[in-house]
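The following block contains the structure, expressed as structure tokens.
Labels run A, B, C and D following the written order; every chain starts at residue 1.
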Amino acid sequence: MNCAGAKLTGPGADMDEYKTLREEAFEANLEIKKQNLAIHTWGNVSAFDPARGVFAIKPSGVAYEELKPESMVLVDLEGKIVSGNLKPSSDTRTHQVLYREFPGIRGITHTHSPYAVAWAQANRSVPVFGTTHADQMTGEIICTGFISPEALKKDYELETGKLIVETFRKNNLNSADITMVLVAGHGPFTWGGSASQSVYHAAALEEICKMALLTLTIDPHAKPLPEYIVKKHWERKHGPDAYYGQNKTD
Amino acid sequence: MNCAGAKLTGPGADMDEYKTLREEAFEANLEIKKQNLAIHTWGNVSAFDPARGVFAIKPSGVAYEELKPESMVLVDLEGKIVSGNLKPSSDTRTHQVLYREFPGIRGITHTHSPYAVAWAQANRSVPVFGTTHADQMTGEIICTGFISPEALKKDYELETGKLIVETFRKNNLNSADITMVLVAGHGPFTWGGSASQSVYHAAALEEICKMALLTLTIDPHAKPLPEYIVKKHWERKHGPDAYYGQNKTD
Amino acid sequence: MNCAGAKLTGPGADMDEYKTLREEAFEANLEIKKQNLAIHTWGNVSAFDPARGVFAIKPSGVAYEELKPESMVLVDLEGKIVSGNLKPSSDTRTHQVLYREFPGIRGITHTHSPYAVAWAQANRSVPVFGTTHADQMTGEIICTGFISPEALKKDYELETGKLIVETFRKNNLNSADITMVLVAGHGPFTWGGSASQSVYHAAALEEICKMALLTLTIDPHAKPLPEYIVKKHWERKHGPDAYYGQNKTD
Amino acid sequence: MNCAGAKLTGPGADMDEYKTLREEAFEANLEIKKQNLAIHTWGNVSAFDPARGVFAIKPSGVAYEELKPESMVLVDLEGKIVSGNLKPSSDTRTHQVLYREFPGIRGITHTHSPYAVAWAQANRSVPVFGTTHADQMTGEIICTGFISPEALKKDYELETGKLIVETFRKNNLNSADITMVLVAGHGPFTWGGSASQSVYHAAALEEICKMALLTLTIDPHAKPLPEYIVKKHWERKHGPDAYYGQNKTD
């Protein structure tokens, strides 16, 4: 697939316009490999620019080693390609729905990392077994139901996005606080304030899923962490009086 | 084993004739190590040229680090060595049968990757637990029965090839769509449109086998993916209207 | 987070005073990554100077790749920052309590290594299943109870330190002999005669926890190692007539 | 521990005499790390010269990164140090017994690789679940009983060697064909025609132990490979008509 480095032509050929966004998406896609989150081409990241309403996403089926910033495809929130000669990731329409429905997110990652996939294949939400999980979020990593045959026939990837959004609404989950989900029988989607942060969450999710599986291996009846510890851990990292990390004004 | 780099002499000494085929097999064998699919020399790849009816295969027991393109052994479909001074892989006759019986395949990989071997040792076909699997094929990764004592006595490796072919026929499987198999108590064989693609399938198989085992660890009674999702995933990647990857004409 | 390399100013700006201690803590923090004990920033190491009553610790939330010796934060045993412009690890007060209560320790490591976390999440002490464990200590790797809601409200990290100390007292454990603990639902803390030795113990703990989990996978009813072998192994490495390793006077 | 590179003095100072043997042991010890068979210093290899009746072994507790050929310690079959200023591995007397009792072996490896240790800790011999195992040997990888309190008091490491030898005699095992053993509650010892070959066997053992554990995870009642296939695999690699690998006379 030597097409990955193809020169841009047509309406989006002016590189400068989307240069930064392409580069952000490009760098974040390389992180999938560096952080060992997928073999082959089994993962994709996009970076979103809300001012223009477009996101840059990995081209479909192109190896990470062959990617260049200019191989990223620019897509708007209607799913129209606005720049790029390659076909975007087959999961593009799922990204599109999430950018439309989850306010404030700027990056999305989808992988087939094995522990996260195992929970999705077992069709189970991941209980909060410990503080590693609670550092990320206060509740289970929720697993959606299976997509319905009707939804699948309409537009599989678009409806997968809708399924995620619906699952969040039904369960009163806030996409600003909870930045990861498992799609039943499929695998994880994560998001964040940037493309790079969405990959960070994808790696955190994989590690939490591994720890949870190992916990069940030791004790199949392991109980979730007491609620008051869950709350404390999340608050020290994300609450109004969070004291984890460095202040931006330092 | 310094014999790996031995100069070619005899009937096949003319390097030019099979240069490309040897190089293809050589590169693909190195991928076994790069993709972490076998320790020691526990894996071999061959590349087939249907026009000449010969395949290039790894020499038996030679470390990947010592391989050179010229150490590849050229074998015809009767199992006769047509070029090369080294002994071919002990699994050569299994490759030979598959090239003879499975139309259109151009590369074969055999490894002892641990998760695939575990399913073979448990003598179980791998259920389609998720879309990662369905992206590759629409049914279980089938595990053959054990080779019979009679077949084993005749010609073990040749009969192993026949066992695979028979298993496919009995189960109405198409070797063009289903590019992997587990031999009971032994391990995986995969194939494809090139040597390199057969290694790609070997890595995919190993990852799917790992995911399936982890799924059972979370839920020993995990159910396969609903049939309509299986079909959709396979079709979006391999069906007549496939939309995964880049068109060759791009 | 480019603040990691910020120049020192204010009362602790004189680098020379704590140079060695900072460097020791810095080098030991890098070992977390080298020895594969945490993803992201999920681990921290401190180095203690008992003469001055201060320890150098990793700044909170800063990536290991961005650390420099001068980004280490100097904290005294009351928890006061004595040098450094960054905020210290959120776990600082746990380190502080351990340095105050466990005589002779000079380094502490906290990680979220997955196998150790799994035992902590299962809320189980790790039985002495073999000599690998007995080489480190003669008893179980103890898991504390959960921190109480009252303690958590007072000062979570300080109380976590107290919980560890209490657990050791109640169980008559000696922090000189037993250099590791699991905090229920959270993860491991290890210590030693230097920062580097505490990381050594963190890696030993992770490996022992992995081996113990694998042992239970083979036999859920596996029995601990007979007591007389446990004692022998510990003594040959740590007893008065220890004969493992090289004498310092060699 | 900077003593690892100490200059040789005293009776064994003449480097030339044992140069080759030291280098063989040195290189093989480095393989422990390269093949990922132990963390820290949890493994040791020795190389034996039957003509002189001495073996070169890793010094105790010295990191692999600090080893040099001249840090290897030369020991005779009575356990006397014949050259070297460092203390030999604490397991030296186990090596000594095996060289004395198992005819023809030239190298021994001991590690704490986690899957092999898990089987030893579960106190279980590893069934022949597949051809990967049968390629190495025709029977279970036997696990000894626990060393008796009396034997332990006498001379722990020497008696560990005797326990291995006894286990082989009682079970009519031939140390030429079966090159690996698990010591109950402790871990693996492997041997071979050279130090390097003994490490090869240590890696093979670890992989086989991993595969066997994964097999039980899929099916806790998995059955061993039929006997006729076991025999065939071993014979094609080690029998009088073996056809695996390259002939030495090639």
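We take it that a residue touches a chain if its C-beta (ideal position, glycine included) is under 8 Å from a C-beta of that chain, and two chains touch if they have at least 3 such contacts.
Bear in mind that the values here come from a model prediction, so they are computed numbers and not experimental data.
Enquirer: Could you check if the interface between copies subunit C and subunit D is built from the same residues on both sides, meaning over half shared, or from different ones?
Expert: Different; most numbers are used by only one of subunit C and subunit D.
Enquirer: Please state the rotation angle, between 0 and 180 degrees and to the nearest 5, that superposes the Cα atoms of subunit A on subunit C.
Expert: Going from subunit A to subunit C via C-alpha fit gives 90 degrees.
Enquirer: On a CA-centroid basis, which chain has its centre farthest from subunit D's?
Expert: Of all chains, A has its centre farthest from that of subunit D.
Enquirer: What's the distance between the Cα centroids of subunit A and subunit B, rounded to whole Å?
Expert: Chain centres of subunit A and subunit B, defined by C-alpha means, are spaced 33 Å apart.
Enquirer: Using CA atom averages as chain centres, what separation in Å is found between subunit A and subunit D?
Expert: That pair's centroid distance is 46 Å.
Enquirer: Tell me, which residues of subunit D touch at least two other chains?
Expert: 217
Enquirer: Indicate which of the five shapes (line, ring, star, complete, other) describes how the chains touch one another.
Expert: Looks like a ring, each chain touching just two neighbours.
Enquirer: Among all the chains shown, which pairs meet the touch rule set out at the top?
Expert: Taking the chains two at a time, the touching pairs are A-B, A-C, B-D, C-D.
Enquirer: Okay, in this complex, where on subunit C does subunit D touch?
Expert: Contact set of subunit C toward subunit D: 35, 129-132, 200, 203-204, 207, 210-212, 214-215, 217-219, 222-223, 225-226, 228-229, 232, 236-237, 243-247, 250.
Enquirer: Considering the complex alone, what residue numbers of subunit B touch subunit D?
Expert: 1, 3, 6, 39-40, 42, 59-62, 85-87, 90, 112, 114-115, 117-124, 146-147, 149, 152, 156, 185-187, 213, 216-217
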